[in-house]
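Listed below are the structures to be examined.
Same chain, two partners: chain A is paired with chain B first, then with chain C.
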Partner chain A sequence: MAFLIAPAAIALVAALLAAAISIVDKIVNNYGEVDISINDGKKVIKMDGGDTLLSSLASQEIFIPSACGGRGTCGACKCKVTSDVGPHLPTETPYMSKEELSDNIRLSCQVKIKADIELEIPDELFNIKKYKSKISSIRDVTHDIKEVTFDLQGEEINFQAGKYVQLVVPPHNKVKGYTQRAYSMASRPEDKNLVQLLIRLVPGGIATTWVHTSLNEGDEVELVGPFGDFFRSETDATMICIAGGSGMAPFKSILYDMLDKGETDREVWYFFGARTSKDMFYLEDMRELEKKWPNFHFVAALSEPEEGSSWDGETGLITDVLDTFLKTKIDPEKTREGYLCGSPGMIDACNNVLSKNKIAPDKIYYDKF
Partner chain B sequence: MMVPDINPIVLLFASIFTSNILLANFLGMCSFISISKDMTSANGLGLAVTVVLTITSMLNWVLLKFVIIPLDITYLRYILFIIVIAATVQILEMIIDRVSPALYMSLGIFLPLITVNCAILGVALFMQIRNYNFVQTVFFSFGSGIGWWLAIMALAAINKKIQKAPVSAALSGPGITLITIGFMAMAFIGFSGMLNVQ
Partner chain C sequence: MKMTPAMRSAQESMQPGVITEEGFLGDEEMPIVDMIVRDEGEMISLGLSFEKTAEQLSYLLKEGQKGLGEPVTIDDKWLIRVVDPRGQLPCPFKDGLFHKMTAEIIRKSTDETLIVTDMSIHLFLEHHFIEGKGSQFRLEPQLLKRILFD
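Up next is the complex of A and B:
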């Protein structure tokens, strides 16, 4: 039995230490009930302290936008804390500007609630809800983009075209814990009972792989939203929209919304770039839209059209096509606004082209993903 | 084995100067090199190491005398010492967070690093090999912590000077730091004649 002494001794010591840790944790991390006062006491929540601000608020159905789900890597969950919660943490400072630091803007996923706390969040966040939806259809629009329609099962979502929702990815296979990923809504704000997302397969992506391989029609999925500040300005400036791949989503929503609301006097140029005709989609819908709406112009460009294909649209990089159109076809006398949605690389490149053609930086709006 | 006949006070000074844990034994080098770029962080880490070193050595001494030696499982001391160190750091982190958020802020990111600081385990093993009694262990570990703190502050101060006198690109960063540490170690040898204890 002598051989049992060693493992028993280690197990015992480890157990004692573990017990000590959990006892200290119970005593030290017990903050009792705290008051969370939002927007000067407009809403006061009583709950147990000790958890982060982001998850405490989420448990009370108040959803601060967060793309990374609370790991402190996206910097999206900013909110203004007006009571003292200690200085900024090293995990917060990289995401803060000088003004934000002096305003005590915090990352809500990093701030732990230890005492009564007062904070300010935009009123519209009260609008954000968690929706239990059922997938009503999944359709391949290209070889790597799926158009997924979620039925909100009787609930209604009110949003401005261009906003996004977060898809809640439950634990599956090797992914432990819940993950959230943001996707722009492609559906029209008129259709309050459904949400449509365009999801492109990203190799190695947790959410996109899950959507592409595990999701089926009829599955129940949770969505949180609406979030975002990417929507059209209320002016009559010419809109220059540029997108690639699943960046189509917010524009589809915005364009149909404009048509629904009769804003067809406004001139809109929509540049959509893809590599090959395999990556091109919604062509017919957009041509249809052009017919109904004379001031709307859809410019699709392929950067690498296949040999001998029947492609009759523009060819070349979307930046070159954009440059040519800005110089020759789009009236420079009228105010122009840029709307960009796509990969960071594409957005930076198009941003350059727009600035070179004298579109003011504060008139360029974008949604990077 | 006999308890060595050394006055704890002598042991305290010996562990700070003549047998400095860093510059004589070269233990705890990783964080020494990486966190010595500015004085504030170096100060925080030095403080944290000193506190953790003193507390864990005391706990490990008790563990050694009342569990490891009676059960004759000395060969397991590495594992046992390390889990004591890890658990102590965890508990300390939670308590500091609650009691003094300001201190937690300055130490916060360094505390978990200390778990893997070789100086901490090194002191526990020296304490066992040299068969110190409890009081000697306390003075020895506290002195070692202070010595480590002193050395990292000195290095941080030197690094600050080096920034004003840039070295060639090939030597900048860890290269010049290692050379500096070498010089510091030589300087500390100057103390060695004053006290001679093991």
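Up next is the complex of A and C:
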């Protein structure tokens, strides 16, 4: 039995140390009850301090957009803190512009609440909820894009067409923590009990790989939203919408919403690019929409149609097709607005074409990534 | 070879769950300085230069962006799709912030595929770090040679 004495002694010392650390942590890191005052006291939350601002707000059902789940790697969870919470941390500064630093914009996942705090967030964040959904259908719309429909199980989502939700990806395989990824909603605002997303497989992407390989109908998945400031203006200007691939999602939502609301006097041109016919989808739906809505024009283009293909639509890069239509078919006398959804590269390329065709920069709307 | 404090800090940031869920080290646990030395040796033995390789990768990425998220054929040799999911990532060496731009580069004649990101080109060129073996973003020198230069 003597051989057990040394390990037992070590275990006892370790247990005592752990207990001591736990007690010290409770004393040193006990910040007591704190007030979180939002938007000049419009809402005041009382809660125990010690957690990050992002988590503390989330525990009160106030969700700041975050794509990394609070690890400080996405730079998305910015908000303005108007009380003193100390200087910016080195983990925050890489994500901040000079203006943001001087305005005391902070990453809410990096700010620990140790005392009363005052902050400003957009009012619409109060409308954001977490939904426990069940996958009601998964459909391949192309070889690498899935249309996933989430049943909100009796809950309702209220959103403007064009907004996005965050899909919560649980730990799986090598992925140890929860991750969130943003996807624009393809569903109509009128369908309040469901959310539909178009999810394209991104090479090496954690969330999209999970959706494409592990997600099944009937699975329960959390969604957080709605977020974003991409939606159509309330004018009668001609809308020029441009997308490719899963960028179809917000436009599908916007177009069907306009149809639902009878906004069919408005002229809309929708340019949608794909490489080959196997990358093209929703063609029939868009053609049906054209029949119901004479002012809606769907211009689909293939950049590399297969040899011998029966494709009779436009060919070439969608930016080139857009340029041609702007010069020859779309009335330049009418006010025109550009609507873009995509990466910074896509936004830049389309912005160039729209600007060259005299569409003012302040009339070009896009969802900044 | 000795790890500097900056290298040690970078290696900690490369662990799974710090900057990215899967990290940058793949299945390897050795100090990154040893990985860098080993991989520099392989680049030299294959006759590859970091500068020229990074230049070629950047060229393909730039051309691929013209597809606006759709695949495009470049110089009749490569099929490239560039996607740019939301968000940015900081370099583990703390010298830059990068969009999550990701390119899938397929050599059409062999169907061999390489995945490249803005960040991986930066790590490759500025730090000679090509990620650990087992990482899906590792720029394996032999694969680089076959896909880019053969």
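Here, the second predicted complex is superposed on the first by the 325 of 369 C-alpha atoms of A that agree within 3 Å, B and C clash if a C-alpha of one lies under 4 Å from a C-alpha of the other, contacts with A are read in each partner's own complex, and residues count from 1 in each chain.
Just so we're on the same page, a residue touches a chain if its C-beta (ideal position, glycine included) is under 8 Å from a C-beta of that chain, and two chains touch if they have at least 3 such contacts.
Bear in mind that the values here come from a model prediction, so they are computed numbers and not experimental data.
**Q** Thinking of the overlay built on chain A, is A:G86 touched by chain B (first), by chain C (second), by both, or by neither?
**A** First partner only, chain B.
**Q** Would you check which partner chain A:R106 touches, where first means chain B only, second means chain C only, and both and neither mean what they say?
**A** In the superposition, A:R106 contacts neither chain B nor chain C.
**Q** Looking at A:R336, would you say it contacts chain B, chain C, both, or neither? Reply first, second, both or neither.
**A** neither
**Q** Answer with first, second, both or neither: which of chain B and chain C does A:M346 touch in the superposed model?
**A** second
**Q** Touching A:H212 in the superposition: chain B (first), chain C (second), both, neither?
**A** Neither: A:H212 stays clear of chain B and chain C.
**Q** Kindly classify A:T73 by the partners it touches after superposition: chain B alone (first), chain C alone (second), both, or neither?
**A** second
**Q** In the overlaid three-chain picture, which partner chain does A:A20 touch, first (chain B) or second (chain C), both, or neither?
**A** first
**Q** Using the touch criterion from the header, give the chain among chain B and chain C with more contacted residues in chain A.
**A** C
**Q** When the two structures are overlaid on chain A, which partner does A:K163 contact: first (chain B), second (chain C), both, or neither?
**A** So A:K163 meets neither chain B nor chain C here.
**Q** Do chain B and chain C touch any of the same residues on chain A, and if so, which?
**A** none
**Q** Taking the touch rule as given, give the residues of chain A at its contact with chain B in the complex, in rising order.
**A** Contact set of chain A toward chain B: 5-6, 9-10, 13-14, 17-18, 20-21, 24-25, 28-29, 86-87, 89-90, 114.
**Q** Could you please specify the touching residues of chain A with respect to chain C in the complex?
**A** Those residues of chain A that touch chain C are 67-68, 71, 73-76, 94-95, 174-177, 179, 181-182, 200, 202-206, 244-247, 273-275, 279, 303-304, 317-319, 342-346, 349-350, 369.
**Q** Which of the residues in chain C come into contact with chain A in the complex?
**A** For this pair, the touching residues of chain C are 16-22, 65-73, 81-90, 94, 97, 99, 101-104, 113, 115, 117, 136-137.
**Q** Spell out the part of chain B that touches chain A in their complex, as residue ranges.
**A** Per the stated touch rule, the residues are 63, 67-68, 71-73, 76, 79-80, 83-84, 87, 90-91, 94-95, 97-98, 101-102, 105, 108-109.
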